[in-house]
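Each of the next two complexes has subunit A plus one other chain: subunit B in the first, subunit C in the second.
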Partner chain A sequence: MTASPPSPSAPPPRDQITLDELDDLVIGAELFSSGGGGTDGPADSLLDWARQALARGPVRLLGPDRNPGQAPEAHADDPGNRAQHPDCVAVLLVGTPTMLEEHLPTGNETRAAVAALERWTGGSLRAIAPLNIAGVNCLPAVITAAQLDLPLLDIDGMGRGFPLVEQTTYALDGIDPTPLAVAGGNGEVVVVDQPAASLESMLRPLVLGCGGWVICACYPARVSRFLRAGIPGSINRAIQAGHALRHPGDTTSDGHALARRLGGRLLCRGRVVDVEYSPDRRSTTSHPASVSSLVIEEAERARRIVRLEAHNEILLALADGGVIGSVPDIICLVGQHFRRVIDIEQVTPGLDVDVILLPAAHHWHTAPGMALAGPAAFGLPELGNRPCA
Partner chain B sequence: MRIANPLSVAELVRSGPLAEARPLGTAGLDGEVHSVRLLDELAPVTTGIAHAVLVVTERAARGGWTVEATVRTAWERAAACVVIPASSAATSTELVASRLGVPVLAVDRSTQDVGLELAAAVARPDAARAVVTARCANRLAEAGASARPILGVLNRELPGVDVALVTPSGAIAAGRTSAARLWGECAAAAATDAGAPEATLAANRLVSAPVPGPGRREFGHLVALVHGYSTGWAATVRGVLRLAAGLLTGWASTTRLQAEREPRVAAVTLRRILSGIGEESTAPVPGDGAVSQSPRPEDTTAELRLASWGWPTTGPMVAVAVVPATVEPAASPEPGVAAAPPAPGPDGATSVIDHSREVNAVWSRHLTTTLIPYADGWVSCHAVSEQAGFHTRLVRQVEDAVHELAPLVELVAGVGRVETGTARLAATIRSSWEAARDARSCGPGAVVRAGTLGPRRLLAGIPAELVGPAREVLADVLAADPDRVLITTLAVVLDHGGSVQEAAARLGVHRNTVTARLDRLRSLGADPQSPQQRLALHLACHLLREQPGTEDS
Partner chain C sequence: MRIGVSIGRGRARVSAAVLDPDTNDVRAAAANTLAPADSDTEALRRSTTALPGTRTEASSVTIAGDWVTRSLATGVDLAPAAALRLAQPGGTALPPLLGWPEHLRTTARERWAVVSGGHDPLGRPLAELDTRAVAEFARRVRDDGAQGIAVTAAGSPAVPGHEIAAAEIIEQVAPDLRVVLAHELGALGLRARENTAVLNAALCPLAATVLHTCQSHLTHHHPGAAPFFVRYDGSVVNGESFRRLPVTTADAHLAAELCGASALAGQQNALVVAFGAETTDIGLVDRGRPHHAPQGTATIAPGMPVSLPLPIHETVSGGTRAFTGDGAAQAATDLVRVVTRLQESAVPRPVLVVGDPGAAAHLPQALAAHAPPNGTAAAAVGAALAQPAAEISRVVLAERSDLSLIQEEARAEALAAVARAGADPASAHIVAERVGPVGYLPSNVHRLWVRAAGHVGGHP
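What follows is the complex of A and B.
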């Protein structure tokens, strides 16, 4: 992924996460949710949980380009994660943050999931990795690392948000998402060890059975393997993005400047004129998706009609019918006046927004990456990005 | 396979399988349709879609983005139009369609069915157009022989076509102004009376058909502006225009016959036209007492009515008034001034109406317009040609007509001043009427152009009421002169400034005879040598000479 250009006000790369960085991290991570999974309201409990965990002390960040000496076996030759016991897992929340508000966590779910996977694999963990950096999904890994006093790898497996657990660069690199362990709020602990191909069909009913959310530990592998497969610098990138959004400075009136500061480009600055929901098309893809479309009338340049097509996340952006952005690149909405990332569920006609495209990590633009997370994976044709008038 | 004379999108929308479709954006209807592509999946199409109708099936139309992407493809690949299920149409679809100029048609029926019908129509454009022609023929037959309904049918039933009826002078008589305006521009560019050549018309997407009028006259042209122009479609439109032209010829003939057979109605119509044009005519309608019982004129536009009479409706025009030679016309129809009643007598107003049919029958042998009763005479109006000798020819034609009518009724005529546009129609009619009144002083058969009489206009303006006092002035002479010898001699001597020799030459008698008659006149109290009497006697002679039985022998 293209790194953000240095900004005079951008914070330096962090070696650890403290309570001070939490707000920047969460707000910045919203940007990578590509229009889905905002933190207004539904994520309060998760945020409180993270604050309590970080109150015990900071979480160390380990990355391939920083503190190499602190990452045991970070650069060792490691041909397969079955050859040695895994010492790292990816942690995430599976389910909806809304259910977390109705069914509060006990605080032990992270420990229970990790412990179950440790028992099943026989390994002893030495680091935790985030599965994705999108929205509040960056927090379970932070919480787990804090509660277990383990370092957190400054990587993630998506660089954004995808609906399926197996849509990761970890999987692209050959790391198997299973066995995985889930822990629910009622003390449920389940270890799933099965082929990844049918994981989704097994996992979704399991989540429902546990009350709508579970903490999931998956992708057991060596730390070195994670560092090689993951998208580097994700945590720091989110913190820097959050800082840029919380301190917009002179970018409030300049969507291009903000987009450049975030490492992307402005697709459109305009006003939402229509929001379309299509509940009858939820089953058109193999993904559990709420399908909706936003229509934005451009406020400048050619006053194009821009349509954003979303299945949970924004997958496609068209201007006058021509594709100007599509998954796996990240298409996000930022309010023009308050510079907060806007969830597509919160969008109403009349809202003034900047539509910003952040290029996806290079992993996703390979053939296997496009097959796993390109437009075709969401039931969309390969329309191809074309420059638009 | 390339289809000859392909259908246009407009034809499909206005009269084809897409007639019931809801258009989202109306730009681009001119495009030709060569093929139909059924898009049943989301995969983008990139080849073979130029001039094609892209039919997005329900299966492929997954929300607004699929439709908009297809519209975009249509725009990039020059497709003719896009057909979508109505359930997929969104507000933004219309916005994008309008921005890109791609017609998008939303259909409620199965897109598969519509696609099949489109394919059939597109493959056989001649068959599709034959259906249009047949339907137009039926509608025209239902409309009857009346100009406005005929134009209404043409504009309603011909898809993407604006039709107008224009007069020979280029004015629109009925229909849509867009076609008439373009026709006028083409004719002006061609600078010929015959209109623009066919190639010029085609380049401007115009199709025309002449509308013959009654007799030798050209009634006008049916002109069609074809938005979705193609050679085949233009031929179809021309065929329909010809069908309509025949009906319009019938209507024009009927209208002209009505004007001749029902002169009272025509007179009322003219007065209403002049009122509508802005100058309230106070000229008496011949036989006005019968107007209230006369049928109301057909509700037709002034332009159409004037055109049916062969009168111009635009450009320079000149009126010709024809009045009985021996009856003083009513007063000039000045606005707000009460008109003098026509003089009673055998050639009075009622007889004018009675002679209308015969007068028009003779008139039409010499001129192409219809005479309409006006005051106690008739009036017609002619388009002024820029060709040299126009006025001379017009005067000669009028003279010929008046001469041929002499055995029926002795007439004089006046040619009015040239005016421009129907707004000045009343002005040229008034000046022609004044000229006709002037012509009476020149005797039967005279044709006078307005403003050419000079000082004689004063004599022509003497009111007819002075005939009575004139008789009183010459009462003794008239009583002693039953054969009008003395009064004629008196008038001729006065006409020649008192010269006995010239008067004798004019009368064809010996000068002593004239001297003897003058002595006799003096004995009766009428002395042409007396300065006190000379002007009054000359005026009295002039007035009495205008009356029947007092003419110079």
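What follows is the complex of A and C.
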């Protein structure tokens, strides 16, 4: 992803997350969820859980390009093959934060998932990595790091949100998502050790069996491997994006300026005129539910009709039938007047929105990246060369 | 004959309206903006004397009051309450009362517990109900002075059984405790539902007093008429529902004023500026009803979610007085700023001005505002027009072949809820419904939403 140009008021890169950064982090991460996030209702409990965890103290951030002296690897002096044991895991919430609002966490789920994977792999953790940076789903890794008093790597495996645990740059780099461990709110702990190819069909029923959400620890690997495979600076990028949205300044009424400040470009400024759910368009077994389409009438220029196709996240943007943006790039909706990030499940006709495209991390614009998370991976036809918007 | 009465802004504004039962035309309307009435009895008397000749013609009188709104804003008149949560064992990361502001928290203080029980969001049991712990907690909080107790079970929108079982235990060991069950007050979102239920428990004694006052008033001035109360969404409930679930009348005066303004102007979609003497409320109307926050995202205070989709509105501190004094220019600027912001958050719509007489004269020309006739009594008109409504919202696990049966059950529940709120059962009907997928879960998980409405029973 293109780094956003520094604006005069942009916060400097952080080397820790405190309660003060939390709101910026979550709002920025909402942008990267590409219209998804599963928050078709209240989703404050993950944020409040993170607040409770951070009230005990800040979480240290470690990036590939910062604090090299503090990288845990520098202290790794384990003899022999112990050094080969994984000392880091990626953490995320699988399922939907909406269900967590009803089935509240005890607070032990993070420890339980991580401890189970430590027992299974024989490793001892030195750091936690976020799996993705999509909305409140960036928080479980923060909570885990805070509760276990471990540093958090300033990377992630998606640079956005994707529906599948194996759609990561970690996997592109060859790290296996399994073995993984999940912990549910009612004391359930399950270790899944199986080929990654059939992981999703195993995981989703498991999540439902645990009441709609689990904390998942996966991709056991060395810290150095994570730092190489991950998208660098993800946490700080989200904090900066959140800051830009919460302090829009002169980008309040200028969609192009806001898009530029976020490191992307404006696809369309207009009004939502239709929202369609397609319950009969069966979601495939490998991709969980929620298929919908949005129709936006452009306010300016040619008054094009822009259609957004979503399946959990917005995957495709068409203007008068021509493709103007597609997955793996991030297509997001920002309210024109309050600069609020809008989830596709909250969209109603009449809403005035800016549709912004943020380029995906370069990892995704490779042949293996497109195979894992390009349009074809979502059942969309090959799109060929995309015209510029 | 339909009569509406409004008592707002700390009894400083009283209005009354009489509508033709067939056409809904305003037959008479009056507003009283004298010094605040000393008591609710006095306020109700003023509303009646404002409209002579209506004495024997009404079978019901609908009241839009701000008792609950003011109590929640100030903490005054809240009775000591307790919060009992039934959820899985193993502690909780998010205890009851988390995020409550101090003025509300004092009503429950440390009177909360999480006891084993409840179901997951799809209706499977999390744990057996710990009946002994429920009884112990009831005794403890009774001894500690609680008058009401809110019981919130995980998963209760789908399976309310543990809430009901806990209520039976509490009624045995502490029969004086008023028990509120959270599944009656909201859908998915345990903390929002729990917060709402605890507030409701704290509001019950106030509601009982208000109901008694209103009933006494009606006995004297409208013999045979039953009181109805406006809710947060501009619909009504009967006296019994108000006594049990008073929290649903939060923002009632505002809701009635928004709906009344919309009706008087004949504008289904509008932005309403409601002037008081000291403050001005600005809200939006969508299809004749208050524009509200998405389900479960409303808050009573920052960080304190509630399950009622309350009207989205802003209050500016300048009322009509501010527009006639030294700060008139500043007050106008502030008002235009708020109106512009709200206007931009939704589809553009006409601006209506109601409330204090002469308010329209103070409005900046730029707003192109329209002052409908009888706008001083907009809240009373909104109350007189209000009819019962109910919503059912839940998440279900079902194959598509079973879904229509589950939808039919939800419709039946919504219709029954409308009848309980005071509608003539024969008039209850479904006005809107939605079914959709839930993101990131298998495709056999569905979210259902049904809204039903009806007409107040008895003679029109």
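FYI, the second predicted complex is superposed on the first by the 368 of 389 C-alpha atoms of A that agree within 3 Å, B and C clash if a C-alpha of one lies under 4 Å from a C-alpha of the other, contacts with A are read in each partner's own complex, and residues count from 1 in each chain.
Following the convention adopted for this analysis, a contact is a pair of C-beta atoms (placed from the backbone, for glycine too) under 8 Å apart; a residue touches a chain by one contact, two chains touch by 3 or more.
Only a predicted model underlies this, so the values are computations on that prediction, with no experimental measurement involved.
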Inquiry  = Just checking: does A:G95 make contact with subunit B only, subunit C only, both, or neither of them? Give me first, second, both or neither.
reply    = second
Inquiry  = Just to be sure I read the superposition right, which of the two partners does A:E309 touch: subunit B = first, subunit C = second, or both, or neither?
reply    = first
Task = Look at A:R126 in the shared chain and tell me whether it touches subunit B only, subunit C only, both, or neither; answer first, second, both or neither.
result = neither
Request  = Check whether A:P105 is in contact with subunit B, with subunit C, with both or with neither, and answer first, second, both or neither.
outcome  = second
Task = Could you look at A:H247 and tell me whether it touches subunit B, subunit C, both or neither (first, second, both, neither)?
result = neither
Inquiry  = For A:E345, using the defined touch cut-off, is the partner it touches subunit B, subunit C, both, or neither? Pick first, second, both or neither.
reply    = second
Ask   = Touching A:R260 in the superposition: subunit B (first), subunit C (second), both, neither?
value = neither
Key: Of subunit B and subunit C, the chain that contacts the larger number of subunit A residues   = C
Key: Set intersection of subunit A contacts, subunit C complex versus subunit B complex   = 291
Key: Interface residues, subunit A side, partner subunit B - complex   = 273-274, 276, 278, 281, 284, 291, 293, 295, 297, 304-305, 307, 309, 316, 318, 320-323, 379-384
Ask   = What residues on subunit C touch subunit A, complex-wise?
value = 87-94, 98-99, 120-122, 124, 126-127, 154-155, 157, 188-192, 294-297, 303, 305, 341, 344-347, 395, 397, 400, 435-443, 445-447
Remark   = Listed in rising order, the residues of subunit A that touch subunit C in the complex are 36-38, 40-42, 44-45, 48-49, 52, 94-96, 98-99, 101-108, 163, 185-187, 204-205, 207-208, 210-212, 271, 277, 279, 282-283, 288-291, 312, 335-338, 345-346, 350, 352
Query = Can you name the residues of subunit B that touch subunit A in the complex?
reply = 42-44, 62-65, 68-73, 75-76, 90-92, 95-96, 99-100
